[in-house]
């Protein structure tokens, strides 16, 4: 299965929330597994969008098993698979390594760390409304495809996966 | 969803292979997500068994994204979700932290590390044909439930999850 | 430099505390860097023993940077180097991978996970007062050298390192 | 002890190499432990600089224990302590979590991931000759202190640590 990570801030705008939801739904409709970091904001919206299209979602969370852990309600068949890494922000590296492509929506330091790890390790990255990175000469650093809306982002990500 | 890890050696006996396949199938039939370490032997058999019952399987692998990575064939809808941790044997800790219960089949050092991590962190463990651990007085260390066959193991694991 | 991990329970006996202190001191006197998991009990005693012999100690801790982090007092030159993995029990795998040999003192599930990871990955292990592991036929699983006291353990560990 | 990470590209310019060496030497002269990612380029130069001033250096490497591992020559007392995480680029998160402050020299995706992780988790960052990050309005994203030379960078990092 093709696995696409949707990354973005836990604290995001209404536009970013809508973009994330649509991105998740479009990916699921195309049969891709949606990977997220398991947080709120862009992460939660992408998960909800994928669920709306009956997609498989895996939330790769920074926290581990809590001392008072109770499993999710087995009757809630819509819930995501949850990987509890217990590794804090190091889970970003797992999320990226597990992705065939990354769609980043909005800007934050956590999101930037994921974009940077993806570029470092050769995972295709598509950005929708994110930060800009300039090298010492003021030139945009290459490596990230810019998209204008969710449909554009999903098309670019799946095209990159197909190679 | 309830998530149960099936652990065991990559190099295993025919009996252990059969047990792992049946365990995966029984878990999937009960609606549980099957987590494995993504290797051969017990891990592969548990995955195949869960697939035979149309279950969701997540393979949490020790290796990361290879330099020449190509995504899985998108038409192979039976393939497992793959988490490429890139963390070697540290992925054992992620597998255990993500599990609501663990079924260990057979004995090996890697399997023992998973049992020990589970007992260390309070994840219920059921053992089918595994090693025995004695304390300094020669007494069996408590913490692992012994099962006699796959049906017994699955019943014990799900009972432990239900609390 | 030779790096030797000293592993053992956070909650240990007086004998184990004394053994760990002597082990740390003997390793430091032989010029080995002492690696520990950074906790209490055996871990703290090994660290103190190595400090008593002016050794270099690295504490590889399970927790990460706390929100209210303050660096250690720069005038406390006796303090250990601290690696804050933020990875919970997955730090056990880092501790083992970083060790040229492991000395395990006493028994606990966390300690057993470290012994198992070491045996899984080929790191020599010397055990002083630990648990016993039997395979399905009731035979002791090979791979761990048994020591009778700290001097014996240190000699065995350094001999294993020297190959 | 105060622990400062020196980050930067494995493939760097002569100026960056010289800056890294001086930064390592200045940190060691001030009594700080120097943490690096254990690679070539900026990482190796920072390590060499710290050694030149008899400092303690810890190399937190991405790779794990190789199958044919041989410990470092015990007579080479100048060698760094080596943490073999076996976690690939996830080691960047460990390096950052273990640092009281970060000095980034030059620009690369790996270095940017470390800067982003530091800003995400509240570790002070000083940048010497690095990339620039602009938000959607074209404004420089705050959070990184810019330095003009190694002495400036070390002074800024230690001032940030002192709070």
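Read from first to last, the chains carry the letters A, B, C and D; within each, the first residue is number 1.
Here is the rule we go by: contacts are C-beta pairs under 8 Å (C-beta built on N, C-alpha and C of every residue); 3 or more make two chains touch, one makes a residue touch a chain.
Values in this document were obtained by computation on a predicted structure and should not be read as measured data.
**Student:** What is the set of chains touching both chain C and chain D?
**Tutor:** A, B
**Student:** From the centre of chain D, which chain's CA centre is farthest?
**Tutor:** B
**Student:** When the C-alpha atoms of chain B and chain D are each averaged to a single point, how far apart are the two points in Å?
**Tutor:** 38
**Student:** Between chain B and chain C, what distance separates the C-alpha centroids? Give it in angstrom.
**Tutor:** Whole-Å distance between the two chain centres: 28.
**Student:** Please output the residue numbers of chain B that touch at least 2 other chains, ranges allowed.
**Tutor:** In chain B, residues 64, 86-90, 93-94, 97, 121 touch at least two other chains, as defined above.
**Student:** Contact residues on chain C for chain A in the complex?
**Tutor:** 64, 86-90
**Student:** What residues on chain C touch chain D, complex-wise?
**Tutor:** Chain C residues touching chain D: 1-3, 31-33, 56, 58, 60, 64-65, 67, 69-72, 74, 76-77, 79, 81-87, 93-94, 97-98, 100, 121-123, 161, 163.
**Student:** Spell out the residues on chain A that touch chain D in their complex, using ranges where they run on.
**Tutor:** On the chain A side, the touching residues are 87-90, 92-94, 97, 107-110, 112-113, 116-117, 119-121, 129-136, 138, 141, 143.
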